[in-house]
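See the structures that follow.
Two complexes are shown next, each including chain A; its partner changes from chain B in the first to chain C in the second.
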Partner chain A sequence: MFDYNFHWRPVMKSLPDLLEAAMLTLQVAVLAMILGIVIGLCLALIRLHMRGPLLWLASTWVELARNTPALFQLFFFGFGLGSFGLHLSPYMIVLMGLTFNCAGYLAENFRGGFQAIPDTQIRASRSLGLNAWQAYTRIVIPQVFRIVYHPITNQMVWAVLMSSLGMLVGFRELSGETQFFASRTFRIFEYFAVTAVIYYVIVKLILGASRLLATRLFRY
Partner chain B sequence: MIEIHDLHKYFGSLHVLKGIDLNVEKGEVLSVIGASGSGKSTLLYCINGLEPVQQGNVVVDGTDVHAKGTDINKLRQQLGMVFQQWNSFPHLTALENVALAPKIVKGKSKAEAREIAAQQLKHVGLGDKLDVYPSALSGGQQQRLAIARALAMEPEYMLFDEATSALDPELVGEVLETMRMLAEEGMTMICVTHEMGFARDVSDRVAFFHQGVMEEIGPPEQIFGNPQSEHTQKFLANVR
Partner chain C sequence: MEPTISFFSGFAPKDLLFLGEAALRTMWISILSISIGTVLGVVFGWILYEGKWAAALTVAPILDVFRSVPLIIQLVLFYNFAPIVGLNLDPFASGVVILTIYTAALVANVARGGIEAVEPPMRRAARSLGMSYWQDLRYVVLPIGGRAVFPAWVGVALGVMKDSALVSVLGYVELLKASQILITRTQEPFLILSIAGAFYFALSYPISRYAASLERKWAQ
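Presenting the complex of A and B:
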């Protein structure tokens, strides 16, 4: 019934390659998150304060990012743009797809964060002579940041895990690399088992680092 | 000196202030009393430009608050404001709450700003709470923190918008004490208040507002002892 023979040796031999690919996974996820936070913040501010075409654009972005499969979003930047003659590298496809998705989710987190800060905080800041920019950057954003901190951590984890979709557009990040070795050696189970452990460790490290950072950042 | 001429304020179609004329001299303590919705707080918001006005003007030391060319952020440094909901900044310690504006608005060095802040916190009796976050302070302490924060900008005028209304009864006293102390130090103050004892004992003049109109203004003895307007009489009979 169970006569499968495990062969771990090839996996162990290619472990350095897998770890290198894991770094690529982490890199693309971190970049996508940085871009996603910047864009998500802009989308949230547009949705809160603007009207007209920009509002329409921001709302459409958020709607599409949140309500369609992440894989389709990746495919759009790969095959979608490809069919219009715009061919991106696998790295760019994944980076743009992840950024698009993260920005959409983060925009909603930010929007909730902004709405949770009472207007009276701004009034109090302005009454002290702070201009609108100072009130926003010194008083509102730091408080919003605390509210969205844990959702951002979740999104970071999600970005790492979602980057595995990259293997479907030919990107040799951790999953792509695993797929490559697995199909060459036919040790599919072993490879993906080890890779799962690597993902698990990465995520645990992110969560641990986030918790540690939170105790340093938020003393109130 | 604060000069208010024929001030009208609308919220949409709601006429909140209906032609207010009022001068407040340097060193004067003016209490503004009246029922909720009579326009008292709105008057304060108009004085420091947090609300636009539709007619008339407010002139502070010769500068029209609502004129186009006015540097409102600069003018507000002259006008300290304390709110009903004290609005301490929860992510900053007491010291940082107070030091923030001197540092980023007045451009003081960090050390200087912190020194000013420590001094003002001591002034309002919070000298032992410098590194405490607002969440660990009582309502009365947070309101005193808000007063220290406004004082740190060295304003010429202090505007109090029902500074004690949101406090538990046993915490009202400490805030009133602080306001009393400021009045004794010669600060020019406009206090929108429901504390009739404070209005009677501390103010030089008391103004009674009714439905957006300043019905009566005069020394406390007159307003409390011999009110002229029928509305003032009714109001005082009810709050006593």
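Presenting the complex of A and C:
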């Protein structure tokens, strides 16, 4: 049945390089998540409270991010902007594509979170003498954070998985590096099998860490 | 004499036809894998619900792997694994197999949630009215639980439709691959990517809006 000899040695030899590339994957995913949370928060607040061109812009962003493939978005930042003479490095392509996507998905989560907090709470805190900023940062945001904590964790996992698309725009993160080695040695199956294991471990670590953090954050 | 051969030619109306055909291929591979994957996923979901610890030790971790490894890695891995065990699959077949399993892994959780959404007292009532176990599943759990998780299922299905763009790594000419081919020829990335994006958007946006409105209607 097996007419194929598995060669694991070349994979093991380049394992340090793969792990280094995994760090790059994590780095780009974490950066995209931080930017995505900030932008997603702004988009959610705009969609809840504003009218006019800003609302239109925010809605377009969210709907485009949610209704087109992530790979299409990466290609758009990669090749589409080339039409305007804007050529980004692979790192920037992946970072911007992931940020665009994460911000769109997170904005919807945040919007749901904000809508779950009744208006009366804001009015109550205002009548207790808090100003609008204090009411938001001390009353609303902590509760919203509790609601969106789980979706944020999921989005973080998605960001790591999505960063694998970097391989198609020439970014040498975990997948890109794997493809590079695989095409040099033709040990495609072995390399990608090891990479799959690395991704699995990364995802499990993220989920485990978030569960640990949740028990500390949400004790009350 | 003027040079008569040019490597690049502009975007012609017949290229729209080429893109349209590729869009049909995207829809075909999506519909195929979503329908088979959903059936499998519902079965897995039922096993997860009924199987208790036996399923938690066998089916659950396997499905978990398909959710924790990037789809693109799964595709490359399977495409290169199939010949090792003596299967010769073309890119389309490999894509369908992986997309189906991926759909099933995602739908399994949704389906389990649907079964859990039906309260035990209701099911006991159905049984005490003389329904058999299967009648209870078919006439009580399916309509009520199905309704509860229908929006989530639409989300999964649209996600798979968008993720079918990744089958292009295996060389299957679906929408995104077709647009890449055209970009190479016409050197007009912005125009062509916009058209491809509009196709995806036109497929995904109406369905997601419809699901959201159904959810609102059923919530009342």
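Please note the rule applied: the second predicted complex is superposed on the first by the 220 of 220 C-alpha atoms of A that agree within 3 Å, B and C clash if a C-alpha of one lies under 4 Å from a C-alpha of the other, contacts with A are read in each partner's own complex, and residues count from 1 in each chain.
Throughout what follows, contacts are C-beta pairs under 8 Å (C-beta built on N, C-alpha and C of every residue); 3 or more make two chains touch, one makes a residue touch a chain.
This structure is a prediction, so every number in the text was calculated from the model and none was measured.
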| item | value |
| --- | --- |
| Partner chain in contact with A:L161 - chain B first, chain C second, else both or neither | second |
| First, second, both or neither for A:W56, with chain B first and chain C second | neither |
| First, second, both or neither for A:R146, with chain B first and chain C second | first |
| Contacts of A:R219 with chain B and chain C, given as first, second, both or neither | first |
| Which superposed partner A:G82 touches (first chain B, second chain C, both, neither) | second |
| Which of chain B and chain C A:T120 touches, first, second, both or neither | first |
| Contacts of A:G129 with chain B and chain C, given as first, second, both or neither | first |
| Which partner reaches more residues of chain A (counting touched residues only), chain B or chain C | C |
| Of chain A, residues touching chain B in the complex | 118, 120-121, 123-131, 134, 138-139, 142-143, 146, 219-220 |
| In the complex, chain A residues that touch chain C | 1-4, 63-64, 66-72, 75-76, 79-84, 157, 161-162, 164-165, 167-168, 175, 188-189, 192-193, 195-196, 199-200, 203-204 |
| Touch list for chain C against partner chain A, complex | 65, 68-74, 76-77, 80-81, 83-86, 158, 162-163, 165-166, 168-169, 176, 179-180, 183, 188-191, 193-194, 196-197, 200-201, 204-205, 208 |
| Complex contact set, residues of chain B against chain A | 48, 50, 73-74, 76-77, 79-81, 83, 85, 87, 89-91, 100-101, 104-106, 133-135, 146, 149-150, 153 |
